[in-house]
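Below, each structure is written out as structure tokens.
Shared between the two complexes below is chain A, which has chain B as its partner in the first and chain C in the second.
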Partner chain A sequence: MRITQGTFSFLPELTDKEIQAQIQYALNQGWSCSVEYTDDPHPRNSYWEMFGHPMFDLKDAAGIMMEVNNCRKTFPNHYVKINAFDSTRAIESIRLSFIVNRPKDEPGYKLVRQEAGGRTVRYTTVPYSADKPAGKRY
Partner chain B sequence: MNDASLENVVPSELPANEEVDLATIYRESNISSLLDQLDRELVGLAPVKTRIREIAAFLLIEKARSQFGLTAGAPSLHMSFTGNPGTGKTTVALRMAEILHRLGYVRKGHLVAVTRDDLVGQYIGHTAPKTKEVLKKAMGGVLFIDEAYYLYRPENERDYGQEAIEILLQVMENQREDLVVILAGYKDRMDTFFQSNPGMSSRIAHHIDFPDYSGDELLEIAQLMLEKMQYQLSPPAEAAMREYILLRLAQPHFANARSIRNALDRARLRLANRLFSEMANGGLGKNALMTLEAADIRASRVFQEATEQQKQ
Partner chain C sequence: MNRTESTQITDAKKRYAAGVLKYKQMGYWQPDYEPKDTDVICVFRITPQEGVDADEAAAAVAGESSTATWTVVWTDRLTACDTYRAKAYRVDPVPNTGAGTQTEQQYFAYIAYDYVLFEEGSIANMTASLIGNVFGFKPLKALRLEDIRVPVAYIKTFKGPATGIIVERERLDKYGRPLLGATVKPKLGLSGRNYGRVVYEALTGGLDFTKDDENINSQPFMHWRDRFLFCMEAVNKAQASSGEVKGHYLNVTAGTMEDMYERAELAKELGSNIVMIDLIVGWTTIQSMSNWARKNDMILHLHRAGHGTYTRQKTHGISFRVIAKWLRLAGVDHMHAGTAVGKLEGDPATVQGYYNVCREAYNKQDLPRGIFFDQDWADLRAVMPVASGGIHAGQMHQLLDLFGDEVVLQFGGGTIGHPAGIQAGATANRVALEAMVKARNEGRHIIEEGPEILAAAARWCTPLQQALDIWKDVTFNYASTDTSDFVPTATASA
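What follows is the complex of A and B.
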């Protein structure tokens, strides 16, 4: 199951050229980009691992592509995403975030039903990959 | 992306029997105004200007060739600027970024000027991230490394400079289309630096030597500087300036245009002081406020030392 998180996730995979163009758009808006990775694709997992520091004062997307490729080389079978942070006063938040690398095989999620009092059923999702310890999932 | 690089995604190739108009490409690049400006604002430096013209012509031809689908890969444009202090290395580097941008060789055309401190870390593992961060900032533009020979310190074998050099070399080789590296420094020390780092030397295609300025050129530079600061020399002051330059040239630690600028700054101080002391004489015209007199220049230490030497 192909997970869909972040911008462009319902589109076919972006090529490197398209990724670079998107990063360049973010930089032209004055946003700062950072690269993050994880092996826990649960949608509520908002804290991914940072790959190096966020990159400030860059003018050209090539610098961020360098870091993206570096991260892909280090974690070829992890999820990798690019975040673009807008520091404008009163926004001060991520404006664009999209996945640029994913594992070859994504097993998807298991639906768990929990019987609660009064025949209530509580639902939760667990990624199949989360059974294994962190770092050994993909 | 709103710049030209996206248009290059699908190159439309011209058939072989077509012809490209070099004049149109030349006009479209706006390069002539930039080269004229270079001629106007930079005095002397004939070998430097020739090389810049050569590079500009080469890049225009590359552009024309690419319209026929003739590709030779990105040419290596890394440069080394050698010359004495104050010969205009940084100024030319700034212009170079602009020229390369107009010619479409670099995408952004900004200049990131760094020295050893910005590249080399203080402890193990500190250097690589630091150098990479600088490189990332310079992507799409020009990285100007001033006094590059400080990167290599042979007397200390545990110096981290070597690590920075290795990362630089790797990026200079693999990401030629993303940035241009310009190394600058004094001639003799750069020569030693290149001798001990042959890899660096061979990856730099253009070694440009900045010659020292002659007395006449220095006077011209002085006048250009004054024009920019909206001052002028009275005719006797101009004669004094000429004398000053010749005397100063003979003295040690002469830093070409930089020394001239310092001399002019001091002359401006003296002018201000003189006008202040003549306060009682009444109002000042515009001319008085912008004209340096001979006395302002002749009060310089250089003249006093020269007369002292004559006495001895």
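What follows is the complex of A and C.
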């Protein structure tokens, strides 16, 4: 199972050169890049761990690529993503976000159905890996 | 037409003597009036009846959309009537109409309304004045409200979109590309179980959203509760199969407000992140549902069913850009705003104008796109425009070039009609989209290289190849009925 969060998950894995081109695009728009990682890929997990602060002052795509690679080296079997942040008034949010590293094996999600009143079902999505403690999931 | 003479009768005794006066004698034509920052300003396209001069026609529109009645009434003198009167202050002939053209003479009449005329936070009240009696007024052959400037002071009385583009993306965790949707087809006749099948296949194949159609409410073949229950099974199953947040616009349009709230409550209870209404429910219902959506963390999708009855013809009705402004104030999160390249009416520049109304923090005057006024949105949240109707993966480069990232692209037939099935159709659309966004970000010229970029992706994505093969020649190139009156003038290059 391939998790398809992020802007380019339906494409073949981006090469380092392709990743760097996207970083360059973000920098050209005046956005700041940050790197985040997690081993909890629940679709509503808003807070992946930050691999350092957003790099507000780093305007060099190669420099950001080094951080990406540091993160990938430190967490080779986690999900890693790059976010590009736009601080323009009335946006002040992420403008681009894509996965650049995945665990070797992605077991996916269990759908838990709790049968409730009438024909109502309450649904819960649980990553199969979430049964294990953080850091020991993949 | 730079007339400066005021025709107003200033002697109060003459002005208020019983009888009938021309509107411009009553004070509705004031060519030297300078609109205030707090005025609502409208520009109307007017086609006067034979023998009615343009100033008088404009004054009549100002009168009939504010205080006037057909005869003089002394009771005006009990009020500060000068402020309540709308003021026509400028009349321009419409380019390419009148003598020497195929079209009879039309005028753009600019009319200012003091903000005291309008109830705070009420589109119903604003529209009752601006498009009330005046549209049936006999001295005019035709009348069209082309654009409106809403002052910041009045905008701040509206809450605007319940969610807005930014928060919607944060809830969905989807950034950097248009969102993808599809309307379930056939729109009528599927049972709840079969309907949910289409939802599941489309979402699990790669779409972000699926959608009820405007006339799917609660008919004998599928009652609303059945639809909601099966659709939420499909949404949750697709979420688990992809790891992404998915949604289905559950249409809560119904015969009464109470029924609509009941349906919306079930949608919430079942965990839906979005509900849908149709434009034909009316302004009061739209504002009520926006309040409900805000209170219940729900995205509010609006299908503009019915708008073509009054927006499409150029001489009479209301431009959709005005409807779009009212909808942003009324507080919807999504609105159908045209595709330009699909099956439904819309010239590309005019449609881009609607998109700008939905999305920009400040609209600059942009006559080629039909935007007559600067409009400061005073930090009101932005609406996600929806492009829906007769579009397919082979047009991805055109769609991305025309509309950018902040749009929902809805491929109904273009997903469900795929020869290898609904999942394959959804995958083809998602791959085409991501490949095009990636190429654009890499600096490639997508309008020129679009077909090549799609062909390259199709070499490793069979569903995309199949989509391109089957729909490659489908276009809807018909002349638009609603186009801009202003052509961009070429400036000499230095």
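One rule holds in what follows: the second predicted complex is superposed on the first by the 137 of 138 C-alpha atoms of A that agree within 3 Å, B and C clash if a C-alpha of one lies under 4 Å from a C-alpha of the other, contacts with A are read in each partner's own complex, and residues count from 1 in each chain.
In this text, a residue touches a chain if its C-beta (ideal position, glycine included) is under 8 Å from a C-beta of that chain, and two chains touch if they have at least 3 such contacts.
Just so it is clear, the structure is predicted and the values come from calculations on it, not from any experiment.
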(request) Mind checking the superposed model to see whether chain B and chain C fit together on chain A or clash? (result) fit
(message) Let me test your reading of the model: by the given contact rule, A:Tyr109 touches which partner, first (chain B), second (chain C), both or neither?
(response) second
(message) Per the contact definition in the header, classify A:Tyr25: touching chain B only (first), chain C only (second), both, or neither.
(response) both
(request) Applying the touch criterion given at the start, work out whether A:Ser46 contacts chain B, chain C, both or neither, answering first, second, both or neither. (result) second
(request) Using the superposed model, measure off the angle between the directions from the CA centre of chain A to chain B and to chain C, in steps of 10°. (result) 100
(request) Considering only the touch criterion stated at the top, classify A:Lys59 as touching first (chain B), second (chain C), both, or neither. (result) first
(message) With both complexes overlaid on chain A, does A:Thr120 touch chain B (first), chain C (second), both or neither?
(response) second
(message) In the superposed model, which partner reaches more residues of chain A, chain B or chain C?
(response) C
(request) Taking the superposition as given, tell me the minimum C-alpha spacing from chain B to chain C, whole angstrom. (result) 5
(request) Starting from the residues of chain A touching chain B, keep only those that also touch chain C in the other complex, and list them. (result) 21, 25
(message) Residue numbers of chain B touching chain A in their complex, please.
(response) 1-2, 6, 9, 107-108, 110, 129, 132-133, 135-141, 175, 178-179
(message) Residue numbers of chain C touching chain A in their complex, please.
(response) 166, 169-170, 173, 175-177, 206, 225, 229, 232-233, 236-237, 239-245, 269-271, 361, 379, 382, 427, 430-431, 434-435, 437-438, 441-443, 457, 460
(message) Per the contact definition, I'd like the list of chain A residues that touch chain C in the complex.
(response) 1, 3-5, 7-12, 14, 18, 21-22, 25, 41, 43-44, 46, 83-84, 89-98, 108-111, 119-123, 125, 127
(request) Show which residues of chain A lie in contact with chain B when the two form their complex. (result) 17, 20-21, 24-25, 28, 52-53, 55, 57-64, 66-67
